[in-house]
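There are two complexes below, and they share subunit A, which is joined by subunit B in the first and by subunit C in the second.
On to the complex of A and B.
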């Protein structure tokens, strides 16, 4: 199972997105500044935008799902339970998982932003698509909820998971790193070799790297363990 | 000075709180009442009971600049220029002064190139920067940021911090889920279940939270 991006070109106004690379099974983290093209790439990979040039080829991918950055853009139903049904899922399971069982009959727009994000995340993971794209899955969440999302990502034992994020504190274990800057997508390669090349590394990881530590992965615990090894 | 007395509003229960610090970070879990507190302090909501005084006045009598987490919900105009110009226009500032203020605010926030753009065509982070420029354009007395850094990358979040630092506001109330950002504040409020559970300097408050994930990652690796 893989998604191949070949000489991709997509333009909108003065902005052009371009890049090549292969997303194999596993967890990929794509980072880059605001307006660099992360969400546009997500829409292209999801097939919601058509490339102006080049190709995006899916191999062995039978289902794909994109979780949008702003959870309210997913809402189509007047109650939380119906919203879950609109994803083709049974409300009881999903609401228990999202810790929202008491809110089944409420208007989705009456949920707090964190609650709505939890709801759309739970729906997305329950659908368990081959290709899962998560656009800023950590925004709006507190650190406890972010940790839960990391667990859900790490527990997905098959498929391709692509995370578009600039989260800088709570990150999951990943397999590969990518960067987008000014519309250019660059594969940095596999973890841990790619970590020292990662310009958007979060401050704790940068701190560890600057002290000669070589973290095995990108989480805070990886940085701390690596520092312990160098400090002896 | 921000003074809260006998406040009871929705989930909030804050008997007495006086804040002298300029840069105040508000942290805590989702649903702990952070946004409600910011709404009441900005005059967006009237408290059911109790009073809030900013600089000795009710919030409605104070110039408050607000940057929300979901700029889509607060952006009123289709062109970025008009969105940023809205406050000076609503305050009947002369056209020339409005134009100067809009361009100066855009310059400070680093978005002069976005002024003529349609807001809906901007990225999530760019919208947050437009909302920041709109909040700062008329020199607010109090600047309120409700998880405005939630959709920003490191470089843009740093720009946000610098703009906030340089603003002339007497108080900055900044709700954030980044503990590394909160560690740079003068004073911290940790909220839980509608109450201010801990307050004090970052050192004092984070000392109480060391066993939780509400702790700066940089402090963790530096230990």
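On to the complex of A and C.
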């Protein structure tokens, strides 16, 4: 199972997105500053935008799903329960997972943005597609909810998961790192070898690297463990 | 057309003429062909096509019941094309500038502000429909009659919420009534010719053909 990006080129106004690489099974983190092209790449990989040049090929992927950056953009139904049904899911399980069982009959727009994000995240994970793309899955969430999302990502035992995020505090364990800056997508390779090359590494990882530590992965706990090993 | 005052005048008189009679509609279509960039200044084909389909369906029902279906189709098509052109040409702030110029800093500002909010709301609705299409595609929902009602409800609810947010924002910023704007307009000779033609086309189309020739005979 893989997604191949070959000489991708997409232009909109003065902005142009370019890149090549292969997303194999596992968890991939595409990081980059705001406005660098992460959401555009997510829409291209999801097939919602057509590339101007090059190709995106899916091999062995039978289902794909994109979590949009803004959760309100997913809403197509007037109640929370119906919104869950619009994803083809049973409301009880999803609402329990999102901790929103008491809000089944409410208008989705009466939920806070964080609650709506939890709802859309629960729906996307319950659908469990082969290719799961998460555009800024940590935005609008508190630290507890961010950690829960990290666990959900890590517990996915099959398929390709691509996270598009500029989050620099709470991150899950990943298999590969990518960077995107000014519209150019660069594959950095597999973790942990790719970590020293990661220019957008969060401050705790940078701190560990600067002190000669070699974290096994990109989480705060990985940086701490690496520092402990270095100090003996 | 650079001057929004003359654009508004042209659209108003031609729309009235087009709505009043088929001759007026033909005159408005002729003016649209001569003085606008035609298809280059129209909204996206999907939006225009869906509006045209609604007009055509109403015209068909009217004709089926023995009413003036064809006349309705021609008249409303002319009004639709004029409205589409005016919407495409209108730039941000023009509605407020024209309203303040016409009615002053109090009532004019109020009406202009409402018009500006309405116009920006139309653009937002377009973006929201695009987002809903993406959401439906992601969920595997096929667009159809069954999906129209919940989508329309969602669209109306979000628009009401947006209006509420804007109203609260205006209150927070200390807005009460009216405001000061110094509108400036650029008027080219093409604007004057087009506006004069619009008024002439509208007046002549409202007269009987015999009266037009009598009037022209007296002028020349």
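In this section, the second predicted complex is superposed on the first by the 232 of 232 C-alpha atoms of A that agree within 3 Å, B and C clash if a C-alpha of one lies under 4 Å from a C-alpha of the other, contacts with A are read in each partner's own complex, and residues count from 1 in each chain.
We take it that a contact is a pair of C-beta atoms (placed from the backbone, for glycine too) under 8 Å apart; a residue touches a chain by one contact, two chains touch by 3 or more.
Just so it is clear, the model here is predicted, and its values are computed rather than measured.
Asks: Please tell me, clash or fit, for subunit B and subunit C sharing subunit A in the overlay.
Replies: Superposition result for subunit B and subunit C: fit.
Asks: One more residue to check, A:168. First (subunit B), second (subunit C), both or neither?
Replies: Once the two structures are laid over each other on A, A:168 reaches subunit B alone.
Asks: Is A:48 touching the first partner subunit B, the second partner subunit C, both, or neither of them?
Replies: A:48 sits against subunit C, while subunit B stays out of touch.
Asks: Looking at subunit A, does subunit B or subunit C touch a larger number of its residues?
Replies: Result: the larger residue contact count on subunit A belongs to B.
Asks: Contact-wise, after the overlay, does A:82 reach subunit B, subunit C, both or neither (first, second, both, neither)?
Replies: Second partner only.
Asks: For A:69, decide between first (touching subunit B), second (touching subunit C), both and neither.
Replies: After superposing on A, A:69 lies in contact with subunit B but is clear of subunit C.
Asks: Looking at A:113, would you say it contacts subunit B, subunit C, both, or neither? Reply first, second, both or neither.
Replies: first
Asks: Under the stated touch criterion, which partner chain does A:33 make contact with: subunit B (first), subunit C (second), both, or neither?
Replies: first
Asks: Counting only touches as set out at the top, which of subunit B and subunit C does A:208 meet: first, second, both, neither?
Replies: First partner only.
Asks: Kindly classify A:224 by the partners it touches after superposition: subunit B alone (first), subunit C alone (second), both, or neither?
Replies: Only subunit B is touched by A:224; subunit C is not.
Asks: On the combined arrangement from the superposition, state the nearest Cα-Cα distance between subunit B and subunit C in Å.
Replies: Taking the overlay as described at the top, subunit B lies 5 Å from subunit C at its nearest C-alpha.
Asks: Subunit A residues touched by both subunit B and subunit C?
Replies: Common to the two interfaces on subunit A: residues 72.
Asks: Once bound in the complex, which stretches of subunit B touch subunit A?
Replies: Residues 28-31, 35, 69-70, 72, 121-126, 128-129, 147, 150-156, 177-180, 212-214, 217-218, 220-222 of subunit B touch subunit A in their complex.
Asks: Which residues, counting only subunit C, touch subunit A once they are in their complex?
Replies: 131-132, 134-141, 147, 150-151, 153-154, 157-158, 161
Asks: Can you tell me which positions in subunit A touch subunit C when the two form their complex?
Replies: 43, 46, 48, 65-66, 68, 72-78, 82, 86-88, 107, 109
Asks: Contact residues on subunit A for subunit B in the complex?
Replies: Listed in rising order, the residues of subunit A that touch subunit B are 12-13, 31-36, 39, 69-70, 72, 112-115, 136, 139-147, 166, 168-170, 200, 202-204, 207-208, 220, 223-224, 227.
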